[in-house]
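Just below is one structure, and these are the notes that go with it.
Per-chain numbering from 1; labels A, B, C and D assigned in written order.
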Amino acid sequence: MDLDALYQEIILDHYKNPHHAGLRDPFEAEVHHVNPTCGDEVTLRVHVSDGVVQDVSYDALGCSISQASASVMTDLVIGKPVAEAMGIHETFLALMQGRGQVEPDEEVLEDGIAFAGVARFPARVKCALLSWMAWKDATAQAVGDDITTKETSNG
Amino acid sequence: MDLDALYQEIILDHYKNPHHAGLRDPFEAEVHHVNPTCGDEVTLRVHVSDGVVQDVSYDALGCSISQASASVMTDLVIGKPVAEAMGIHETFLALMQGRGQVEPDEEVLEDGIAFAGVARFPARVKCALLSWMAWKDATAQAVGDDITTKETSNG
Amino acid sequence: MDGLLPDLELIRKDFPILQRTLAGGHPLVYLDSANTSQKPQVVIDTMVDHLERHNANVARAMHQLGAESSEAFEAARDKVASFIKAPSRDEVVFTKNASEALNLVANTLAWKGPLQVGEGDEVVITEMEHHSNIVPWQLLTERTGATLRWFGLTDDGHLDTSNIDDMITERTKVVSLTWVSNMLGTVNPVAEIARRAHEVGAIVVVDASQAAPQLPVDVVASGADLLAFTGHKVVGPTGIGVLWGKREVLDQLPPFLGGGEMIETVTMARSTYAGIPHKFEAGTPPIVEAVGLGAAVDYLSHLGMENVHAHEQAITAYALEGLATVPGLTVLGPLDATQRGGAVAFELEGVHPHDVAQVLDSRGIAVRAGHHCAKPAHARFGVQSSTRASSYLYTTPAEIDALVEGLEYARSYFKLA
Amino acid sequence: MDGLLPDLELIRKDFPILQRTLAGGHPLVYLDSANTSQKPQVVIDTMVDHLERHNANVARAMHQLGAESSEAFEAARDKVASFIKAPSRDEVVFTKNASEALNLVANTLAWKGPLQVGEGDEVVITEMEHHSNIVPWQLLTERTGATLRWFGLTDDGHLDTSNIDDMITERTKVVSLTWVSNMLGTVNPVAEIARRAHEVGAIVVVDASQAAPQLPVDVVASGADLLAFTGHKVVGPTGIGVLWGKREVLDQLPPFLGGGEMIETVTMARSTYAGIPHKFEAGTPPIVEAVGLGAAVDYLSHLGMENVHAHEQAITAYALEGLATVPGLTVLGPLDATQRGGAVAFELEGVHPHDVAQVLDSRGIAVRAGHHCAKPAHARFGVQSSTRASSYLYTTPAEIDALVEGLEYARSYFKLA
């Protein structure tokens, strides 16, 4: 197996210097996700307002792939409208589940294209997806809350 | 497989005309044994007094081998001292578990030697032993009772 | 003969054991497939290849062998899901056999949860169940104070559903029944009973152990909420069974066995559990067995379950015809092949089933004698045991002829003719 | 090197998978045997022969194939009984894996019977258990209102038994512990703890999943009342495990799974159960798996478990020495090979275990990374996961050298050296 296909420089850079790491206020939802197979964990918060992902903060324990993925993910979604961010999530998911057959779209995924090689290592796909899944879950909760809040203020 | 080795004339005769069949009084113990694999059943009573097997009566549902075996067994043990009857039981058991390698002792087993062939049919050994096991169980209970009775009357 | 699988002789070549000769030089006539089916070479070879080249534990292993093994194992889940038309692969739980699958349900229903069974609740089964679909419910109801009830049988071997509205009521929590009887051959109106059960909010458990080998299975169309079958009867290996369940039902059941990969996280004080199917797969699963089962259902799908079913019906019709010619022989269960499965149990007057089986065995013909794990159904028909001949996709009309001749011989051997 | 199995190269030839090359042309260096062991040809061939020539259901079948299959299955029970020196073959119950064996005990202890666990009772385990010996007891105690307690660990990875008299008291009903830890490698003083447990009338359950592959097992000498292990770790197939129990203890446990041949008689209203071992073997057992396990324990006995143990200790000592040369590497658990099993878990500073495993895998070296189903033991040592190398009877010193070199390479790859 070609290690360098997996451990791209970009990934190792994000691993050594993760962006947006740490837990911050304010946030509407916090989730804790675990990869039961290996025990990797992430606690992740999202702050959404006006339909925009204002912040994503996290505390992650895990391998280079899972850590770098969290870092890249925050770069990609922070500041984006929720709908657009969800679209990026979809694109990343499709890449990861593509068994190496999907051509990554640099326009959408930016540094995320470095994970194209991970898709060929089935055991590591879960690592790359851990924080993305946590983000999706937290955002769904936050947006749910958002809507509830709006409805309440309307009612 | 040589059928005639299994179905000796003696066995078929006992099957068609079982000896000592039916349930009779008096008895000190009654047991119900089942061959769980095939569902063959026997209800068996023993009457023991003065250390002698006075009667064995039974109601058996089952194949030719199990029925014939019950019939032969009663012939062999009725009228014998318990200890001697237990010895016959041991001899029959050894024959059945001998996988066809044990030479039957006609002195002890009489018609029972016809079961020598059964020992080569592992699936049928349980059939041949059903009533013998029931008899042993019932006799142990009866003798236990006997002893208890004695002890009580002594006490 | 209409309905037989084309290329039957070629298909038989797929099954190495069918080349065997037995004592006395008799070729094997295997008519005990309802007990366990024989295995095609491709199932054996797939297992061997796995053991010789890809063996590793699954889920937990990150190395290449682990990835290969996990992929083969999870691919087997996909194959089984498509074999039974499961809406989601996650709804397919691997167990060790059908019995464990049924017990998993009955055992977990005793514990706290939205579906918990307790005093005053009723569980409904039928008088034609295999012990594996009776005893678990006896244990559940005895242990929880619930009541066990059952549908009786008509004289011609069908379920007596005339009292269905008394039987399935608002007290009913579970209705569990076999799709195809392993003794009477009866095919039950599962969807119809499920409809009534769902009206009263009961869950429906279907024992498809005899159905999955013979009929095209569509779990959703069946009406089942949970459905069990066993690998070794669908040309797969022993050591593996399947529990399919609707996601929302499986999600509501508490865990069964604890340990291994069924967890989300574990601390000494408490644990949380993984989602389905892993929640119900404690410990190292039957890996090579799942891989073998995957090859088995692929084999069946390749033949086409419609074709397997047609073959089974043709052979069963031919067998019923042949058996009708044997004096003193009475078939237990429906006499119309189009309404039954391929297991045919019968009595032969004057010869005990063991002795029938023994005589047949002396001619190389393998049938089963006894209660076939269906004592209550035997009791219902006033018999203690029976002889059962059960065909499968590799059975030929000539083998049925051999059976009928063997029965004639049994009669003459025991001096009835 | 002293203690190695003679003819190690010949022994390796028995294991077809060891001839495999992986991506990049690397030969397989399999150091994940604590996860699952590889299978010798004789085990595979025995299974194939059974499937191709003798396949039939057991116990129930009266025909020749049935007799052959039953004989092979029951012979496997004899082999296992003698492998663990069980006083009686009836005390050997076949389960699907070690997890089921442990759950069988924990699950049945919840129900009415002389050994029933209830409120006020205590169950004692340890902090170094595999999840499969934690979660079943959590389920039991949560469900019955009993209390779960556990022995802690010392900093050097041993059981902390300093408080044994507080831990095991007259409230203790069950003490369940692993003989050899799958993470720390620690060999526990099982007999000593059993002695104390028996003083207070508790039953002792021993998880021998890691012991049975490596140590000569004498169930009676072990002090266990019940003992579990799993087929796939003793060069046998998946899908089979063993629960051994003292007859009087097994007799006192109520049935676990219901159905199939675990009965004495069944009526719709109630059933009675068979004696051990059948009482605990509902449904069609893992037949070909038992046959494979029989061949596996024969293979081990032929090598001699004393010799296997000596080999394991020699390789482990060599591995501990080699690992000590890798900068930043810390072994979790005892450092003296004579007091531990062959699973060696470690941390490598600056490289996450997944990444260690990945780099090793790129060189054909298969190790495990993660929590190894022992999260609490990891938590105890303040780590979330570790890398584990585990040797077995086919492991060579050269493979340990490859491991050590691979770890050096991992450090350089991640720019630590």
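The rule is short, and it goes like this: a residue touches a chain if its C-beta (ideal position, glycine included) is under 8 Å from a C-beta of that chain, and two chains touch if they have at least 3 such contacts.
Here the structure is a predicted model, which is why all the values come from computation and not from measurement.
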item	value
Both-way neighbours, i.e. chains that touch subunit B and touch subunit A	C, D
Farthest-lying chain, centroid of Cα atoms versus that of subunit D	B
Distance from the mean Cα position of subunit C to that of subunit A, given in whole angstrom	45
Subunit B and subunit C: spacing of chain centres that average the CA atoms, whole Å	38
Distance between the centres, which are taken as Cα means, of subunit D and subunit C, whole angstrom	31
Junction residues of subunit C - those touching two or more other chains	23, 60-64, 66, 261, 263, 265, 354, 358, 361, 369-370, 375
Residue numbers of subunit A (touch at least two other chains)	1, 37-38, 121, 124
Residues of subunit D touching subunit B in the complex	59-64, 66-67, 70-71, 261, 263-265, 274, 278
Contact footprint of subunit D on subunit B as seen in their complex	1, 34, 36-38, 121-124
Subunit C contact footprint on subunit D (complex, rising order)	16-17, 20, 22-23, 28, 30, 32, 35-36, 38-39, 43-44, 47-48, 51-57, 60-66, 96-100, 102-103, 106-107, 111-112, 127, 130-136, 138-139, 142-143, 148, 150, 230, 232, 237-241, 255-263, 265-268, 270-271, 282-289, 354, 357-358, 360-361, 364-370, 372-373, 375-376, 379
Touching residues (chain side subunit B, partner subunit C) in the complex	1-3, 6-7, 12, 37-41, 61-66, 121, 124, 127
Subunit B partner contacts - residues on subunit C that touch it in the complex	23-24, 352-355, 358-359, 361-362, 369-371, 375, 378, 384-385, 413-414
